[in-house]
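The structure under discussion appears below in the form of structure tokens.
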Amino acid sequence: MKYIIAVIQPDRLDEVLDRLSEKEIHLVTVMPVMGRGRQKGIAEVYRSHKEAGSLLRKVKLEIAVNDEFVEATIQAILVGGRTGNIGDGKIFVLPMEECIRIRTGETGGTAIG
Amino acid sequence: MKYIIAVIQPDRLDEVLDRLSEKEIHLVTVMPVMGRGRQKGIAEVYRSHKEAGSLLRKVKLEIAVNDEFVEATIQAILVGGRTGNIGDGKIFVLPMEECIRIRTGETGGTAIG
Amino acid sequence: MKYIIAVIQPDRLDEVLDRLSEKEIHLVTVMPVMGRGRQKGIAEVYRSHKEAGSLLRKVKLEIAVNDEFVEATIQAILVGGRTGNIGDGKIFVLPMEECIRIRTGETGGTAIG
Amino acid sequence: MGNGAKTAKLFLCAMVLVAAAASCGWADPPAGAGAISSGDTAWVLVSAALVMMMTAPALALFYGGLVRRKNVLSVLMQCMVVLCLVSVQWVVMGYSLSFGPDHGGVIGDFSWFGLRGVSASSSNSYASTVPHQAFMVFQMMFAVITPALIIGAFAERMRFGPFCIFILLWTTIVYDPVAHWVWGKGGILSCLDAGGNSVKGALDFAGGTVVHVNAGAAALACAIFLGKRKGFVDKLSPPHNLPFAVIGAGLLWFGWFGFNAGSALGANGLATSAFVATHIAAAVGGLSWGAMDWIFNRRPTVLGMITGVVAGLVAITPAAGFVSLTGALAVGIGSGVIPWVFVSIVKVKMGYDDALDAFGVHGIGGMWGAVATGIFALVSVNSGGSGLLDGNGSQVLWQLKAVGLTAAYSFGMTFGLLKLVDLVATLRASEHEEAVGLDLTQHREAAYTLVD
Amino acid sequence: MGNGAKTAKLFLCAMVLVAAAASCGWADPPAGAGAISSGDTAWVLVSAALVMMMTAPALALFYGGLVRRKNVLSVLMQCMVVLCLVSVQWVVMGYSLSFGPDHGGVIGDFSWFGLRGVSASSSNSYASTVPHQAFMVFQMMFAVITPALIIGAFAERMRFGPFCIFILLWTTIVYDPVAHWVWGKGGILSCLDAGGNSVKGALDFAGGTVVHVNAGAAALACAIFLGKRKGFVDKLSPPHNLPFAVIGAGLLWFGWFGFNAGSALGANGLATSAFVATHIAAAVGGLSWGAMDWIFNRRPTVLGMITGVVAGLVAITPAAGFVSLTGALAVGIGSGVIPWVFVSIVKVKMGYDDALDAFGVHGIGGMWGAVATGIFALVSVNSGGSGLLDGNGSQVLWQLKAVGLTAAYSFGMTFGLLKLVDLVATLRASEHEEAVGLDLTQHREAAYTLVD
Amino acid sequence: MGNGAKTAKLFLCAMVLVAAAASCGWADPPAGAGAISSGDTAWVLVSAALVMMMTAPALALFYGGLVRRKNVLSVLMQCMVVLCLVSVQWVVMGYSLSFGPDHGGVIGDFSWFGLRGVSASSSNSYASTVPHQAFMVFQMMFAVITPALIIGAFAERMRFGPFCIFILLWTTIVYDPVAHWVWGKGGILSCLDAGGNSVKGALDFAGGTVVHVNAGAAALACAIFLGKRKGFVDKLSPPHNLPFAVIGAGLLWFGWFGFNAGSALGANGLATSAFVATHIAAAVGGLSWGAMDWIFNRRPTVLGMITGVVAGLVAITPAAGFVSLTGALAVGIGSGVIPWVFVSIVKVKMGYDDALDAFGVHGIGGMWGAVATGIFALVSVNSGGSGLLDGNGSQVLWQLKAVGLTAAYSFGMTFGLLKLVDLVATLRASEHEEAVGLDLTQHREAAYTLVD
């Protein structure tokens, strides 16, 4: 089982979610984040004071999947999230040891989906 | 050491925190997230335009624990978070290699609590 | 490759980001969280009703790095984040198996930076 | 929710009918008496606009900021609907029932149904220097805000359909008679007999009893009838947006000048005196509540300050046109202390869930204000009222009578109406609806996006 | 963006010139006629302040709450800039072009350039009981809000520099003539001939045609010209802050009393009548839209309610001073139903992206109101206007003529102006600017912090 | 914090005493002279309400939106407390000290203590057509907003208890005398001698010197005395909620019509002229600041626009009733340019931490306005004032004298008072309090929930 974390552009979220659905990956957790990356932040200016302004709004997705779904998940995110511009973001794959469904107490591969 | 991630219903947060405290698990990080799961989102309607509306408000907890606390943590979340309805959420257990307390620089098992 | 998670005091963020930059660690994802730790929360009072008030505002950083950067990252966070008071927070190091840059599809160590 | 949609269809049809009905008559009303003053008319119209603004956005924000994120829209919606619904009820029959020709001191009648005979150009003896319709529309805003105040009691757990029905019944069966008792010519508590002559009666300059005691008692009934929110008292999130509540309080204060000083029905010395008294009571109410917080809870809180300000405004409402500076200061101190004690101690002991303290602030504050009016009213301020300090102790009894009668009637009738409506359509949101929040379940909307 | 900075330099220079130019003349204007009434003046000044408040913060909030987080400042900024820019244009020449001496029924002239001859102390025959400048400044606020309404159509995708140029051209070339046609003495649609005598013309009490149909038609042109936002229609985030939109709607309602009842230009029976009609149409508009939502979308929504309220206010605007309660109720029902159908069904079929329904609400609502005025105007309410119900069917034709002419002129000219401006500076934000959001790309600011 | 609670107890006791004290006298005041005009009274009361609204919620929002999330409530609280505290001080003695019988041109006295002799029904010669109390309450709102403006300088780092003491001292020892100098009969800078006859003096129509220069100089003293916030200048988060600041600015603009046009103390030509001048200066101020941003920072910003608008309003305050359109345009341009240069360049060089630019905008803007009044005042606009353009160069000297005296006195006394208060109770929040935020540490509240 893997825990996949992806940071994407906010306006690609709907697209990525759709692509994931197409591959039968329905369960996702989403949250707003700020990111510092290669994409240059736009320096904000408040009453002529320039902010460092290195942080940009991004969206983070977290998806726990069984091993056989890892590739499909990555592909879906790549297809949905890619614009080809700097700032498209990253996918991180972490190992996961256990998954439990709170409602039923089920564990492991069956709990994940 | 494990890094436990749980996604729960927002209104179960206080209950889960209490259950965790009872088991002497005090240190927790909490954040609001949106989740797409089996629970059908309620389709929002704005001026007769129906949103896809698949994302629901959830709360995510992250708890780093020593191995001997894993079971207790999971149990506390299960007891506090379960309503028996779809949407109760999941617990994910990830391996963790190191933990450092910023204040003291302590590492490992002693830093965790 | 490691996935480093740090929870710090909100007002240390700028400092930590600067320290990280100095060590050539530019890529970071940041988000606001609430934390329950050893630092006693301040009990809020609303119309004489005291809240449990155990949750305090914190900031979470997530940084994916190649193994050789782990130490530098931790040091930067320790230096930038430490005030010496309870509540300074923690650093968690998780193993990471893969990293993919969405824009190019690159993977592994080259994708991380 | 078929019920709801049906109710909605009924709305639409009813309004078409009302439009049709109103179309007979109204056009050229028999002239009243008294020359229209442009200054007084400007003042009354501005005041009416200010009081309208108190319901939305002021009260809506004040209440909306105090609930949880998932219910804020439901509170805003309830305020908007009360504003719309009661306005229509008022022109159709509410005004006539409240201020129309008296029947036994208890209620008006349908003589002015659909504003028949309520002239836009000439005045009525209720307010002899402004058009009759200006008086009517000013009074409308009071009828609107009263049920809106009750929302605070049942916030976060009432279903929307039954809410609408309840409000419509409540304004007709509770507000209209009570307004008639106190303000209508010939009303049992009124200072005017059916012929418009001055008689002994309860003093209520701008609605301490009619609006606040009335709404407060109804709020208590609602809180008890609907029961506690899940998680009450210790597992409830704090106010989701206190700045909203502060904006709301600021705008309420602003609007209250229309409410109280506007009740002089002219731009004159009485309006000025009421304006000053209103402002001072609000300021002192805020300071006193803040001081109580500071002394007993170790810190003065913003929520405390604005609650005290509102309590001060509530308490000065019946008194504004009757008391001097001394009275205003005294009313202010009392309204920072008495509701504070009630909300912080008594309420907690009683254990009911009045979500936003509609009873604690408006009910208790209104009662204090009504009694204080009986104590501090001075003939030197307003020849129409003298109180205990002027040696007229009986006025206090009149005030108590008005408060008692109104509170009892309002509490009892509200309870009855809730039971009635509950038979037709369950009032209380289901456990699931409450957990998910009223915004999504009742209105299919979310107040804020998390991501974009 | 060198273009932008250049425009900015031009601004500064232009303003210095204007100040210099205005300095010749103006000082001691030839006195008009009519005694100034302090009550009427108080009312008109308050009304002007209220209408100013409608553009910022009311409309700004209403619109700003409905867009995405990354564009909210751009909408607020556009409202502020319109307010500033058009105010200056108005005193320089807009007022003169709109209300100055008539030329062929089509436009005023430059006689009152820089307010030359527009007295602050004596009145003009447009409003005989208030200072001429009070009338001027009241009218200014109408000139301001009209282009601000159009913002709803092109929200989230127009670059800021060209926007400023467009607004300045639009107010001069579209608003000023249309205002002259309908309200100027001698205007082709006006009820006053060049000598100020009553003649047959279109009825538009407070700007149903001049403001709403005009802005609505321009909005449609903008939506079509600029094209759809990326992600339209299914990949767009919902309103980022609905409570803001509700505050905005509440304040719009409050301000609209100045808009409509202020248009009586005095604190009198007519103002009172317009006040009541305005309030009732708003209330019924809200209820009707809510009912439509409930019936056809299963739930009444807050956004629906406030949209209906605004539609009701839009539709009653031309009618406020001409119709009785019946008319107001009818106008209200129509404005909850007709724009609802348009926005929910017709617009969807047509497929253009009018981001915040500026055409659907103001255009369609304004048209309905204009026609309804022709139907429901009663001489018993206002001797200056009779409609179909009074047996004067020809009034409906006048109304249709005014709507048709205004809509056609506004739509055509707007399209032309957009093309023109687009030649000089691209109107549409680049794909990247749209993705990152206008706040950061156009203004280097973020509306909210995420962390601190 | 025992200190705080003790202060709070003192509040409560003091207020009871005040109520008692005020109860002797006041009742039936000796009548003044002049017939009350309902139109003028309506206008002054509305204006007083508008100016009250400027402090809360308008200024509170403007300031509150610009600070960090953890301090927003502390700013709102400070605004509310100033409003409450100064209102009470004013009726007790502030009004008497400011406008009561003159003593040596420096200060009034306690003749009108507790409003003794300040009639609600008859007028005083300060304003002969409205009740004396209406004038008093209108002036009260100026006394309220002045210290509230200073909050911008020490935002995010002042402890609440000492803040309260400081404000009370400041309004009594700084505001009241300065108001007397400029507006009181016989004041050293006043245009009225002790007998009420016109004499040479400084022109300050609505408080450019009394309010803005005064508050600005005090703000500078506070910024210097309290020192920099931790993280200043590069590690401070940007404004946490700019839309709040925009709402605040919009409402300030709206309220400023009461501030400036209300200062005509009647609904007449002068009010109209002041209304127009106010509006135009605000608009041009916004445009000019926007243009400066565009030229020198590459993008026009929303924060810049609204800062310019406020600067324009500040600068036109002393001039509103004295200048023509030309003057208003010139004042507006200057107030977009001069404070911009100061805030963007001079302040940065000087390096003090005036958190929200209270000195930069109100101090500098107020000085510019005061001088500009001396330049652009025209007898043709107001027979009471002529400036350089009218050939009366000495007026500029009077203006400079007023500015200099006020700024010096205010700066010096403020510094002294801060030192004094600091001896009793530390003004500056501890490092820990500043890091956690004032909301939690001073008030035990959080503005927003993160989760629910």
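Should a chain be cited, it is by its letter among A, B, C, D, E and F, assigned in written order, with residues numbered from 1 in that chain.
Convention: a residue touches a chain if its C-beta (ideal position, glycine included) is under 8 Å from a C-beta of that chain, and two chains touch if they have at least 3 such contacts.
Since the structure is predicted, the reported quantities are computational estimates derived from the model, not experimental observations.
If you walk touching chains, what's the least steps from chain C to chain F?
The fewest steps needed to get from chain C to chain F is 1.
Which neighbours does chain A have in common with chain C?
The shared contacts of chain A and chain C, listed by label, come to B, D, E, F.
Report the inter-centroid distance (CA atoms only) between chain D and chain F in whole Å.
The mean C-alpha positions of chain D and chain F differ by 33 Å.
Counting only Cα atoms for the centres, state how far chain A is from chain D in Å.
Measuring from centre to centre gives 50 Å for this pair.
Which whole number of Å gives the spacing of the CA centres of chain A and chain E?
A distance of 44 Å separates the two centres.
By the touch rule stated above, which residues of chain E touch at least two different other chains?
Touching at least two other chains: 37-40, 42-43, 46, 50, 70, 234, 238-239, 241, 247, 293, 297, 299, 301, 303, 444-446, 450-452.
Note the residues in chain C that touch 2 or more other chains, in rising order.
10-11, 14, 30-34, 44-46, 52, 83, 85, 94-95 - these are the residues of chain C that touch more than one other chain.
Given which chains touch which, is the overall layout a line, a ring, a star, complete, or other?
Its topology is that of a complete graph.
Within their complex, state which residues of chain D touch chain B.
70, 230-231, 234-235, 432, 435-436, 440-441, 444-446, 450-451
In the complex formed with chain E, which residues of chain D make contact?
Result: residues 1, 4-5, 7-9, 11-12, 15-16, 18-20, 22-23, 26-28, 36-43, 45-46, 48-50, 52-53, 56-58, 60-61, 64, 72-73, 76-77, 80-81, 83-85, 87-88, 91, 114-115, 119-122, 130-131, 133-134, 136-137, 140, 160, 241, 244, 247, 442-449, 451-452 of chain D touch chain E.
Can you list the residues on chain B that touch chain A in the complex?
Going through chain B, the ones touching chain A are 2, 5-8, 31-38, 52, 54-55, 58, 60, 74, 77-78, 81-95.
Would you tell me which residues of chain A are touching chain F in their complex?
Residues 44-49, 51-52.
For the complex, which residues does chain F have touching chain E?
On the chain F side, the touching residues are 37-40, 42-43, 46, 50, 68-70, 129, 237-243, 246-247, 249-251, 253-254, 257-258, 261, 266-273, 275-276, 279-280, 282-284, 286-288, 290-295, 297-303, 305-306, 309, 324-326, 329-330, 332-333, 337, 378, 380-381.
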